[in-house]
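Attaching a single structure in C-alpha cells format; questions to follow.
By letter and in written order, the chains are A, B, C and D; residue numbering begins at 1 in each of them.
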C-alpha cells in the first residue's frame, strides 16, 4: 500500500479495540470501511485488538484486519500506537476499561449500554468530563442514530416539520429467546449484562426516543417479565446471538421483556416495548412519532425507508410517503451509491467511525456523549425501579439545563 | 315484494333503532344487508327508528329504509312490531334505554362502549341477566370482532396455533382532533361521552385484546392526556366525525389520548395506545399478538389481511404470511364474493346482525354479552383510576369464574 | 315503508336485471344500496329479475330483493315497470339482449366485456347510438372505474399532476385455475365466454389503461397461452368462481393467460398481463402509470389506497405516498364513512348505479359508453390477432376523433 | 499486519482492476471485504488498479485500497502480481480487455453486460472456452444473483417448491433520466454503452429470469422507446449516475425504455420492462415467478425480503410470506450478522468475490459464465431485432444442449 500512500494522506489515528465477538466484528467493519468511503481528516489505523484467549484474539485480529493482538486490555490501552480505545466487551467491564483508557489519555468509544448501573455510568460520565479538559473525547455506541433514515428523521423534526412532538412509540422485538432450550449465555445473566431486553434493546429505543424528540424522558411507568425462568447451562462458546446448551439448567436473572410508558420533558407521551419473545420478529425496531404538524415512522427491518406524513398537505393528496433515504442529500449518503441502492446494518458502524473521527480531528464533543449514555442509564434504572413498585410513575433525574443537541 | 315473499320465507324479527347518526347509518346498512347475503333463520324487518327531531328522524327513516319514525324512544320500545331494540345513541343514555327495553321484553343490541360508568354497566349487565331468564338476549356492539380477519385470528388462537399468549399490543390512532379548531362536539364532553379516546377507541382495543387472547385483563397502569384543552363551541350540527365551530371556546373535558400497559389473567403483557392526535393515521387500529408458537398481526386500514407467523416453520422458509381473509372457509366469507374481493368497514355490521339474529333464533347468548361490555368498562375505569394515581398498577375486578368463550 | 315514502321522494326508475349469479348478486347490492347512501334524482326500484330456471330465479328474486321473477328475458324487457335493463348474463347473449332492450325503449347497463366479438360490439354501439336519439342511454359495466382510488387517480392525471403519460403497466392475476381439476365452466368455453383471462381480466385492464391515461390504445403485440388444455366436465351447478367436476374431461377453448405490450395514442408504452394461473394472487389487479411529472400505483387487493409520487417534490422528501382514499373530498366518499373506514369490492356497483341514475335523470351520456366498450373489444381482437401472427404489432382501429372524456 | 499474518494464512490471489468509477468502487468494497467475512481458500490481494488519468487513478487506488496504480490496462494485465483481472470499464472495451487478459493467463471477472454486441460476446465466450483448457476461469458480474434473497429464490425453485414455472415477470425501473436536462453521459451513447435501459437494466433482468427459472429464453417480442431524444452535452466529469450538462445539446442514441414479452424453453411466459423514466422508482427491480405449486416475489428496494407463497398450504392459512433472508441457513448468511440485521447493495460484490475465489481455488467454472453472458447478449440482440421489425416474435439462438445449472 506504501506506493500510493505518501501523497497527502491524512495523519493516522490508531484504534485499539477490546472484545471481538458480534460487536467487535461490526466495529471492525466500520473502522476498515470509513476511510474508504468518506473523506476523513484522520486515517483510522486498526492498531490492535485485545481479548483473553490468545489463540482466539490472534485469529480475530487476522480475520478482522487488526495489526496486533493483546491478551490484556491494559496492555492495549498502554500502547503508543493506540490513540482511541473502542470497547466492545459486555457491560460489566465498560466502566473500568473506559475510565482507565480516558485516564491513560485515550479517546474512547464505548458500546451501549454505557454501563450496567447508574453509579458506573456516573463515574464514566465524570471521567469523560475530566478527560474533556485534556482534549479527550468519549462517545457511546448507539449506532442506530447513524441509520440514514433515523438521522434524516431527526433532521426533519429539528427543522420543525412535525411541530411539537406529542406521541413517541417505539417497539423493539426479537425472537431468539422463544425457544426455551436456548442456553444461558452471558446476555441472560444479570451480573454480566445488567439487564435483559431492557438494557440490550430498551437502551436503543430510549436513546432513539430522546434523540429524535430532542428532549429527555422525565418519568416512566414500567412492567418487566421473564417468561422462561430457567434455561440450559451453556455448552461451549456462543457466537453472535446463537449458542447451544447442555442438560443442566440454571436461572435466568434478567428480563425477557420490558413494557413502559413515559413522559418527555415537553409532556409528550411515550410508549416503549422491548422483547426477545416475539416469534417472527427478528430485529424489529419500529418507531413512530406524531407531532402537531406531521408524523414519521421507521422500521429497522426496512432501514432504507422513512415514512413521513406532512399534515400541511391537503387531505386529498396527503398520506405517509415512503422516502427511500438513499439520495445524495440524505445524511451520510453523499459517499455511498446512487439513489435506491440499499445500505445495511453494518453501515451504521462506518458512519459512527466517521462521525467520531471528525469529532476527534476537530476537538468537538461527539454525540451521543457519555452524559447522553448516563441519561439512558437513568431511564433504565427508573424503569426497573417502577417495575419494582407496581409500575408507579417514577421520575428520571434530568440534568439541568437540558443539553442542546446538534442537528445532523 | 309480496309476489316472491310467500314461499318459505323465515319469520320476521322486528327491529327498532334509536339514534340515526354515524352509527345509525352503519347499523341500518347491516340490518338491510344481512338477510340479502346470509341464510338467516329470522328475517330482520326495519320496523322503526327513533330520534328527537321529527323532521330529521323522518328523513333518516326514509333514507335508511325504516318503515316508521318515532320521536320518543319510549314509544319505539313500546311498539308491538319491535322485538329487538338497537341502541345507537351517545353513551350517557345507554343504560336507561337498554334496561327499559329489556324490561319491556325486547332483545337489545347496544353500541359500545356499553355505558359511561361501571355503575351503569353493572346495572345493564344485571338487567341482561334477569332478562335472560325470560328468553331475552342482550349484546354489545363491538363490531370489530366481526371483521373476518379478526374472527379468523381468534380462531387460530383458540386452536392453539400461537400457543400461550405472551404479548398483546394494540394501537388505535386517528387524527381528527389534530386541528385545534375542530369544535367541541358531544364526543369531547365528559357528560355525554364518558371519556374521549379512551372510551371511543380504547374500548374497542380492550375488547379485542380480551376477545383474541381469550382471557380478561387483570390490571393496568395508565396515563391520559388532553393536548388541546379548549376548542370552539359547536356551530350547527355535526355529521359523522366532522363538524364546524364558532368563535367562542369551551373546555375539552375528555382525554385526547390514553396509553396503558396491562396484564392478562395468564400473566401475558399487554400494551395499549389510543389517540385522536396522530397525524396521518385515520382509523389505524393495529394489533399484534405473540404467543409461544406464533404471532398474528392486523391493521384495520387493511382489514382484509391477516398476518400470521407460524414459529413451527423451519427458519429458512418462515415469515409473516399475508392471508387475504376472503376465502370461503374464512369466517363470514361463505356468503360473500370470490377470493380476493375486498370487504369493507360496514360489513362488520351485517355480520353483527347475522350473529345476533342467529342467537335470537336459537336462544343462545350472543357475544359480546353485556357482561363482556361490563368487563371492558371495568378496565376503562381502572385505566382512569390508575391515571389519577401516578400510573400505579391498578387491578381490574374480574368475575369468577372467567367465562368460557365460544370459538368462531 | 309507505308511511315515510310520500314526502318528496324522487320518481321511481324501474330496473330489470337479467342473470343472477355472481354479477347479479353484486349488481343487486348496488341497486339496493345506492339510494340509501347517495342523494339520487331518481329512486331505483328493483322491479324484476329474469333467469331460465323458474325456481332458481324465484329464489334469487327473494334473496336479492327483486319484486318479481321472469323466466324469459324478453318478458322482462317488455315489462312496463322496467325502464332500465341490467344485463348480467355471459357475453354470448349481451348483443341480442342489449339491442332488444334499447329497441324496446329501455336504458341499458351491460356487464363487461361488452360482447364476445367486435361485430357484436359494433352492432351494440350502433344500437346505442340510435337509441340515444330517443333519449335512451347505454353503459357498460367496467365497475373498477368506480373504485374511489381509481377515480381519484384519473382526476390527478386529468389535472396534469403526472404530466404526459409515458408508461402504463397493468397486471391482473388470479389463481382459481391453478388446480388442474377445476372443471370446465362456461368461463372456459369460447362459445360462451368469447375468451378466457383476456376477456374476463384483460378487458378490465385495457379499459382502466385507456380510462386513466385518457387516450386509446392504438396497437398491441401479444402472446396467449392455455397451460391446462383439458379439464373435467362440469358436474352440477357452479357458483361465483367455484365449481366441481366429474371424471370425464373436455378441451379448454380459451386462454389461461394473456401478455401484451401496446402503444397509446400519445406514444406511451403499455404492458399488460392477465392470468388465472398465478398461485397466491387472488384478485391482484395492480397498475402503475409513470408520467413526466409523477407516478401513481394501485392494487385492487388494497383498494382503499392510492400510491402517488409527485416528482416536483425535492428529492430528499419525495416518495410514493399512500393516500387512503377515504376523505370526504375523494370521489364517491362524500356519502360514506369517516376517513380511514374501508370500502370494499361491492361498493363499485353502488357507485355505478349512482352514476347511471344521475345520467338517466339528466339525459347525459354515462361513461363508459358502448362506444368505449367497443373500443376495448377492438383491443382484445387485436390482441388475439397479434397472438395468431407471431406477436407482430397489430394496430387497433381508433374512431376519429377520439372522444373527449369527462373528468370525475 | 505482518505480526498476525504468518499463521496459516491462505495463499494470495492478486487482483487487478480496470476502471474505478461506480462499479470500481463497488468491486473494491467486495474484494476488500470478502476475506474479512468468509473463510476463503485464497486471500484476495488488491494488487493494482488501472485508469487513463494518472492523478485520478492514483487517488482511486489510495481511496479504495489498491497497492499500485497503472495508466495502461495492458500494463496491469502484464503484472506478475495480478492473477485475476476485474473489468469495470464501459461495455465497448470489455471484449478487447477480457480476451487479452485471458490470453495473458489471467482469470477474468467482467462487469455486465458482457459486451456491446453478440459478435464481441461470442469472441469472449470462445476465448473463455480456450482459456478454460489452461485452467483459467471467466465470470460475468451479474451481481444480483448474489443477493441472498435471489439466491434463496433460486434454491426454492431448484428444489421444486414452485413446480414448473409458468410466469416470469420482471420490471426494473429507475428515474434518473426523467429530468430532460440530465446530460449526455457515456451511458446515453450507443458507441460506448451499446444500448440504454436495455443493456444496463434489461441485461440484469434477463439474466435473473434465466437464472431463477433455470432455463433460457427462446424468443422475444419487443418495443423500445427514447422519450427524450436530445440532451445537454456533458460539462465536466460524471460520477456514479449523476452528472451536469452544458447549453449545447446532442442526440440520445440509446433507448430510455424497453418492454418485451418472451418465452422460456419450457413454454413459460415472461414479461420484461426496463426504464429510466419512472418517477419515484429509484432502483426498482421487481420480479415475480409463478409456478404450478407456488410463487415467489422480490423487490430490490427491499432486498433482504423474499415473498413466497406455497400453494400446497390450505387456502385458509395460505398467503405470501415475507421471509427475512437473514437466517444463518440462507445463502451467504452464515458469515454475516444475526437474523434481521439487513444487508445492502454492496454485499453482492463481496459475495461475487467469494464465489469467484472459491471457483478459482477449486478450478471449477463459476457462474454466470461468459457463455451465460453471451446468452443474455443474444436475448438483448433479439429484443433489438424484434423492436425493429414491428415487435414480431424473434427467436433467440440457444446453445444445445442447455447447460445444466448448479444450484446455490
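Definition applied: a contact is a pair of C-beta atoms (placed from the backbone, for glycine too) under 8 Å apart; a residue touches a chain by one contact, two chains touch by 3 or more.
Fair warning: this is a prediction, and the values are worked out from it, not measured in the lab.
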Inquiry  = Comparing the two chain pairs, does B-D have more C-beta contacts than B-C, or is it the other way round?
reply    = B-C
Query = So how far apart, in whole Å, are chain B and chain C when each is placed at the average of its C-alpha atoms?
reply = 35
Ask   = If you average the CA atoms of chain B and of chain D, how far apart do the two points sit, in angstrom?
value = 54
Message = Which positions in chain C are in touch with at least two other chains?
response = 281, 318-320, 324, 339
Inquiry  = How are the chains arranged in terms of who touches whom: line, ring, star, complete or other?
reply    = complete
Query = Which residues of chain B touch chain C in the complex?
reply = 1, 3-5, 7, 9, 22, 26, 28-29, 32-33, 36, 58, 61-69, 174, 176, 240-242, 281-284, 300-304, 324, 326, 328, 337-347
Residues on chain B engaged by chain A in the complex (per definition of touch) = 166-167, 169, 171, 173, 175, 178, 221-223, 225, 227, 257, 259-261, 263, 267, 269, 271, 273, 275, 277-281, 288, 290-295, 309, 311, 318-320, 390-393
Key: Contact footprint of chain C on chain A as seen in their complex   = 152, 156, 308, 310, 315-324, 327, 329-330, 339
